[in-house]
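Shared between the two complexes below is subunit A, which pairs with subunit B and subunit C, respectively.
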Partner chain A sequence: MLQTTANRQLDILQRLDNLVQRYGKHSSTLIPMLQEIQNAYRYLPEDLLTHVATALDLSPATVYGVATFYAQFSLEPKGKYVIQVCDGTACHVRGSMPVYEAICKKVRLVDGKATTEDGMFTVETVSCVGACAAAPVVTINGEVYGKVTPDAIHVILDTLESRGDTADA
Partner chain B sequence: MLNTLEDLQQLSKRCELHRNRHQSRIAVCAGGGCSASGAQQVYESIRAELERRDLLNTVDQTFSEDACSGITPLGTGCQGFCEKGPLVRLEPSGTLYTEVSTDDAEAIVDSLLSGTPVSRLLYLDPTEKRSYEKEASIPFYKLQSRITLRNCGSIAPDDIREYLAKGGYQGWANALERTPDRVVQEVLDSNLRGRGGGGFPAGKKWSIAAGTDAEQKYLICNADEGDPGAFMDRSLMEGDPHRLLEGMLIAGYGIGATVGYIYVRAEYPLAVDRLRHAIEEAESLGLLGTDILGSGFSFSLRIKEGAGAFVCGEESALIASIEGRRGMPKPKPPFPAVSGLFNMPTVINNVETLANIPDILQHGSAWFRSLGSSASPGTKTFALSGDVENTGLVEIPMGTTLRELVYAIGGGVRSNADFKAVQIGGPSGGCLTAEHLDLPLDFDSLQSAGAMIGSGGLVVMDEATCIVEVARFFMNFTQLESCGKCVPCREGTRRMLEILQKIVEGRGTTEDLDHLEEIGSAVRIGSLCGLGKTAPNPVLSTLQYFRDEYLSHVVDRRCPSGVCKGLRRFVINEPLCKGCSRCAKACPVDAISGTIREPYLIDQDKCIKCGACKDVCNFDAVEEVA
Partner chain C sequence: MGIMTINGQRTTFSDENNVLEVIRNAGIDLPTFCYHSELSVYGACRMCMVEVEGWGTVAACHTPPEDGLVIRTNSAELRHVRKVSLELLLANHERECTTCSRSGSCKLQDLAQRFGIEHIRFGQRDRKSPIDASSPSLVRDPNKCILCGDCVRMCEEVQGIGVLDFAHRGSQITVSPAFGKDLGDVECVNCGQCAAICPTGALTVKSQTERAWRAIHDPDTTVVVQIAPAVRVSIGEEFNLASGQSVTGQIAAALRIMGVDYVFDTSFTADLTVLEETHELLGRLQNQEPLPHFTSCCPAWVKFVEQYYPEFLDNLSTCRSPQQMFGSLAKHRYSQDLGISADNMYVISVMPCTAKKFEAQRDEFQQSSRADVDLVLTTQELARMIREEGLAFEHLEPTSMDMPFGFATGAGVIFGVTGGVSEAVLRHAHEEITGRQPQPKAFEAVRGNDGTRRVDLKIGEQTLRLAVVNGLAQATELLERIKSGEESIDVLEVMACPGGCIGGAGQPIANNRQQTQERRSNGLYREDKTLQLHQSKQNPMVRDVYQRWLGEPGSAKSHALLHTHYGSRRRIQGESMDIASSKKPAAVEVQVCVGTSCYLKGSLKLLRTLTDQVEAADLTENVKLRGAFCCQQCASGPMVIVGDDVVSGVTPGHVPDLLQRIREQLELPVS
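Right after this comes the complex of A and B.
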C-alpha cells in the first residue's frame, strides 16, 4: 500500500502517543518509543527525537544519549534491504568474513561505507542471531539464510534485485 | 477461567487425556537452525500432503471433545540436532528423519501409516556406518538428559494445553500448597546455581529479596543472551515458553514480587512473539493476573525488548536499560536483591535458571541434587557449534567431561580434522585445549582452568583456526561493547585490540606479548563490571596455552594456520607460469616483474598481500604460502 509521507508521520505520532498513554510519561517508555520509530523508518529522524523528548519531558541530550548507546538505533537512513552478516563466534570460525566481503563486493560497497549510494542496500555485521548451528548466517530484512557461501550470496542477491519492492511493506 | 487449584488439575487431566488419544503426530522442527534451512516449507508440504489425503488433524482438534482421527502436524521448537536439519520426528514411534526436503512429504506420511521407516532419511552415523531409526538411540541424544529442554521440540509451543498435557504448571500447583518461605527453602535446598554464567545459588538470591521489606518487589528474567555463539535461551523461549512463565510465577510467589519483566534480546523476534502469546494464554486462563487460582497472590508479566548492547546482560546495566537509560553498570553493593529496579528489591535470574524451577518444585530438591555433580547439581544446556560434526543444542548433567561432549555427543571434529581448542563462555570465557578434554564441565572445575562455563556457548575450533586471530576477534567484540564508563576497560581493551591487530598484520614484536599480559591484568583488576573484568580472558588464556603460535606470528612472521592475511606470502610457481604478464598488470603496487613468456617474480618487500595476482592467474601459478 502506498502511503504518503505526511500520513506516515501522522501515523507514527499516533502510535507514539499510544505508547505514552499505555506506559506513562516516564523515562522507561523512552526505549519502546525509539524502537517504534526505528521499526517504522529504519532510522531515527531528528524531528521525531525532539518530539519524543517533549512527550516524555526529557532533555534532547538524554534522548540523544540513549539513541546513540544502543546498536539497534541508527541516526542515518538505512538501505531498503538491510543485510546483516552474522559475525558471532560460531559464524566467524565457519567463514563469515569471506561472505561479508563477497556481499560488499557484489553490492559495490567501498571505503567501509555501510549503505550503497542508491540507498538499496545496507550491509552490516551483527553478533549472533541465535542460529549458530546453521553458520555462517545472513539475514536480509529479518529473513534468515543459513550455511551461506560467498557463491550462494550472489544467487540470493540476484533474486532480491529481481523481486522488487517488498521492502517497503 | 481457572479459579481454584482443583480447576487447574481438572483441565490438566483433560488435556492429558485428549493428547493421549491423538498420538499420531508429525513434529517438524522450526527452531533457529532448521528454519534457516527451509523447515517452514517442509512443514507446509507435510500439512498439504495430509490434507490431500484427508488425514489432517490440527492441534486444536486434538483438544476438542469431538472424536477425531488423523495425524497432527506441528511446528515445534528446536529439537536439538541442528546439524542435520530440517528435522522431522514421528510420534508415537520416535522415528527421526534428518535433512528432510519438501519432496519427502509423501514418503513420510506413508511411513507413519505403514510403520516402515524411510531409510534414506534416517540418520547415518559416519564413523560407525550404521543408521539409527529412533531419535532416542542416536548417540547425540542418548547421552543427554533433558530437563529444561524436555518439551522443547515435542510440543506445539503456541498452545498452553500442550504444556498442561505434559504436566505443565504442576510445579506451580505444588508451590501454592506451601508458604512462600517453604518455596524459597526448596530452591535453597536444591542448590540450583545461576545458569547465566555466575553460578550464584538462586535460593540465596531469593532469600535476600524475600527478607527485604518493601512495598514493591520485582523479578527480572535475563533473556539477553549476548554471548555470540549461544542459542540455548532462545531455543527454550521459542520451544517451551510456558516453562519460563511457570518458573517466574513460582519465583515471584517465593520472593513476594507482583511484577515480572522478561528482558529479551532485540535479535530474537520470534521468542518475543511466543512469549507474548504465552502470556496472553496464561492471562486468559487466570494463571497470571490477580488472585491467581484463588490464592490471593497476584502476578503480571511484561516483556522488555533489548536494543542491542551486550553490556545490558549485566544486572545493573539491564536495570538501567529497563528504566530507559543508557545501559551502564553501577558499582555493587547495593545488590539488586536489596535495591534494584526503581530502587526496589529485584531478583534477576537467567532463563535457564528459571526453567529449572518448575521441575524442582514438582519433583523436589532431593531429586534435583541427584543429578549432575555435588557442587553443581542439575544439568546444563550447551550450544555446540563451530568445527564440530554435530552442531546443535544439548543438555547434559553437570560434570560431564568435555571429551564426552565434543566426541561422544558432538561426533568429534568436523571432517576428521585435528582438535585444537574450544572457546567456552564466549568473550568472557577462555580457551580450553586438548589437555583439558577430561575436565568435568561444572562451575568450579572450569574456573580453576582459567575458563568459565558461562552461559553455555561452546565453539569448537580445529587445526585450521588461527588462535591469535580468534583472540583478536573476541577483543574486537568486547572493545566495541565496552560501555566506556571506566578507563581500564574502555582504553585497555582498545590498546589490546591495537596490539592484536598489529600482530595479525605481521607487525608484532615479542614485547607486544608482554604488553598484552601487562595491560590484560590491569584491565582485569581495574574494571568495574564483569565485561571489563573478563575481557582479557580469551587473550590471556590463549597466550598461556598457545604461546608458540603467538611467537610464530611475531618472530618468524608466519601464521601457522595460514589465516592471517598480513602474514601470507604469494609466490609464483615457476614451472606453471607461462609468463603472460597478467599478474604484473593486476598488481596495484607494481611488485611483479618479468619478461614475457618467462616466469615472473613477486618482490616480497613491495607486496601488500592483496591477492590480486592469484585472482587473475589463468594457470594457477600464483601460490599462497603460510
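Right after this comes the complex of A and C.
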C-alpha cells in the first residue's frame, strides 16, 4: 500500500516530466500537464500545481488562473464516485432537478457542498452530455444511466455501495 | 508621420504607438483605465472608444495611427457607451469612497465625476470578499477591483514575477495571487508597483500613521525620524507644489511642529553606505570574486534574489541599506549620546517605498526582539499626517535638519534615482584608486531612464564594467545573460521601481508617471549640484562617526553595525507533497526538495532511487517520504532533509549514505 502511493506520486511526476521533455518548456504544455494530473487524481492538488509552475517556469498564479478557468479541472478533491446530473434543456424539462435533489438527499450532501464529508460522493450538474434521447441522464464515474427517476436513483446508489470499492478509479 | 483629423482639427502625428497617444498629444484627455504606455495594450476597459469615419467605433488604444483618419472623440453615442461602462463598473464596485485611501486619486471616482454619473441603474453586487491585509506593505480589497488587469501586467511585465493573475471566470472572476492565497504568503517582493498603477482602491499602501502618532504623543518616547532622499522632491505634489521641487526644509519644519524630537537625513547613511560599499567593492575587484558585485539597498531586489537567484546570494553587497544603517546607528550608538535606553527610542523612516516596510521587519534587523527601525511611513502617509495636523505645508518656514545625522553630500542625495548609487560609489572609488577627485560630470553616463544601461568606465588603469537596471524583469534578463556567459560585468545596480526610488510605490500617485519621474529625478540632480559637497568621504559627520564609533570602512565594528547576510527564501508558503507515508509514529521524515532549483539539478531521479532503495532495504515502514517545495538552500541543492539533518548536494550515488542516516535516526543497527 505504502509503495503504491509512492509509485503513484513518482509516476505522475515522471509523466509530467516526460510531457515537458516532449512539448518543451512552453505555456502550451500546461494544459496537457493539468489533464495528466486531473486524470490521475480527479483533481489538481496544490503541491502538484506548484510543481508544474516550477517545471514550466510560469508563475503559480498563472497556472492557478488556467486551472480555475476550465470547468474540466477541479481544485477540490473529488469523491470516489463522481455523479453528474445533466441539466441540459432536454433533461431539465424531463425533471433532472428532482433527480439531483434526490441524490443530494440520499448521499446526505449539505450546505451546497459538492462532495460528501466521507469523500465518497461528489454530485454536480453539467450541461448536456449528448444523450438527450435518454433524458434525464446521470453519469457516475463516466458510466451513463438514462431515464433516471428519483426512485431509481436509490436503487442505483444502493447497488454501488454494495459493490464496495470496485468502482475505484 | 502623417495627418489625422481629430474633432475637426488637423493633427500631425509622428511615431506614436496608437491613436490614443495621438489624441492625448493633441491635448484631449481621452479617458482610460487599462492603458499605460509602459505596459502591453490590453483593451478591456472600453473607455477610450472613438469614432473613426468609415470604420465605426473603435478602441483608440488598439488602433495604429494612419494617415487621413477622421476621428471624433465625443458624440452622443460615445458618451452613452462610456457612461454605461462606468455604471457597470460602479455597480460592481464597493463605493465606500469616504473611507477609501484612494479617494481623490481614484480614476473611477474621477471619471464618474467627469461623466456626470448620478445614479446607477444596476444592482449592487451581493458578494463581499474578505480584505487581505497579510502583506507588510499593501492591502488588497478585491471588492474595489474593476478587473482592468493593470496590476497583473505590471507585476508580470515590469517586475517579471507574476504574483497576480485572473482566476476563475464569468461572474466569479477575480484578480488574485496563486491558489487564492494572501499576498503575504506568496512570492510578492513588496515593491508596490501594482498598487501604484491600480486605478482604484483595490490595491493600496498599508497605512500605519496611527502608530506614528502614538509614539509621537507618548512623552516617554524619543522619536527620531529619518527622511529618504526621494521624499523631498515628491511630497510637495500632495500640496500643489511642482514635482521635483525640493522641500527638505518644510518637511523638517512640519515634523517638528507635529512633535517629533529629531529629524535626520537618510542621505547621511547613504554617504556611509558609499564608503562601506566602495571598500567592499574594491576588495572584490582585487580578489576577483565574487563578481559581479550587486548593490543591496533595494529590499524588493534583495528578496527577489533570495527567491529566484540563490546562486547569486554571495554577490549581494553585505552593506545594509541606508535605512537599516540609520536604524542601527540610532538605536545602538546615538541613543547612548542622548543618554537614553534604546527601548525608549522610536525610529520612524519616511520612505518612497513600500518594500522598506517589509525590510524593517526582517529578522536580520531585530535586536532582542526590538526592531532597529520601528516604523516605516511612505511619502503618502506623511502627507496625510501633515494634513491631519492641519498645516499649510506650502507656507511653512523651512528649517534645517538636526545634527549629526542631518548632514548629507550630493552623493548621498542622488541615491534616490536609478544610477545614483553607482555614481556615488564611482565618485568615491575614483578618489580611492587615483587619489584625485573626479570631474563633476565624470560619471554622468550612468544616468538616464532606460531599463538597463551598460557602461564601461575607466578609473585610473582599471576599466569597470557596469550595469544599471531598474525593473526586475530587466534584471532577470541580465542575470540570465550573466549565467549563460553572454555578458560579464563587475558591478550591477538594481532598483525594482521604474526610475529608482523616486518612482517608488509609496510616493504620491502620479497621473503622468514618466513625466513626474523625470521631474523628481531632475530635482535630486539639481540638489546634488547646489550642495557644497559631492563626495561622501568629505561629509564631516561621516568622518566623525568613523572616528567615534566605527574605526574605518570594513572594520569589525562596522561589520557588526552596518553589514548583514541574506539567505535563500521559499517563494510560496505551502505544503510538501506526500510521496509515501508510513503511519508509524516513530518513522523518520525524509524530505527531498523538488523546488525549482533542486528539480533542475535532478532531484526527481534522486527521489526515485531513494524510494527504490528504501524499499529494497525494507525500511518503508519506518520512513515518511515527502517531496518538499524548496528548503530555502537552493544554492547547494539538491537538498535532502533526514529528520533534522540537512544534507546538501545529494546525488543518487549518495543514497546509501542517506539510508545510513535513516538507520541512525531510527537507532537501528547500522549495516
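The working rule: the second predicted complex is superposed on the first by the 164 of 169 C-alpha atoms of A that agree within 3 Å, B and C clash if a C-alpha of one lies under 4 Å from a C-alpha of the other, contacts with A are read in each partner's own complex, and residues count from 1 in each chain.
Methods note: a contact is a pair of C-beta atoms (placed from the backbone, for glycine too) under 8 Å apart; a residue touches a chain by one contact, two chains touch by 3 or more.
No experiment lies behind these values; they were computed from the predicted model shown.
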item: First, second, both or neither for A:Thr125, with subunit B first and subunit C second; value: neither
item: Residue contacts on subunit A - larger count, subunit B or subunit C; value: B
item: Partner chain(s) touched by A:Ser28 [first = subunit B, second = subunit C, both, neither]; value: first
item: First (subunit B), second (subunit C), both or neither touched by A:Gly65; value: both
item: Partner chain(s) touched by A:Asp47 [first = subunit B, second = subunit C, both, neither]; value: second
item: Partner chain in contact with A:Asn141 - subunit B first, subunit C second, else both or neither; value: neither
item: Which of subunit B and subunit C A:Gln14 touches, first, second, both or neither; value: second
item: Footprint overlap on subunit A, comparing subunit B with subunit C; value: 65, 69
item: Subunit A-touching residues of subunit B, taken from the complex the two chains share; value: 32-33, 35-37, 82-83, 85, 225-231, 234-235, 265-269, 304-310, 321-327, 383-387, 391-393, 423, 426-427, 457, 459, 461, 465, 470, 473-474, 477, 483
item: List of subunit C residues in touch with subunit A within their complex; value: 156, 161-169, 176-180, 186-187, 571-572, 574-582, 594-596, 599, 604, 607-608, 611, 615, 620-621, 625, 627, 629
item: Residue numbers on subunit A that touch subunit C, as the complex places them; value: 2-3, 5-7, 9-10, 13-14, 17, 45-51, 53-55, 58-65, 68-69, 75
item: Subunit B contact footprint on subunit A (complex, rising order); value: 26-32, 34-35, 65-66, 69-73, 87-90, 92-94, 126-135, 137, 142, 144-147
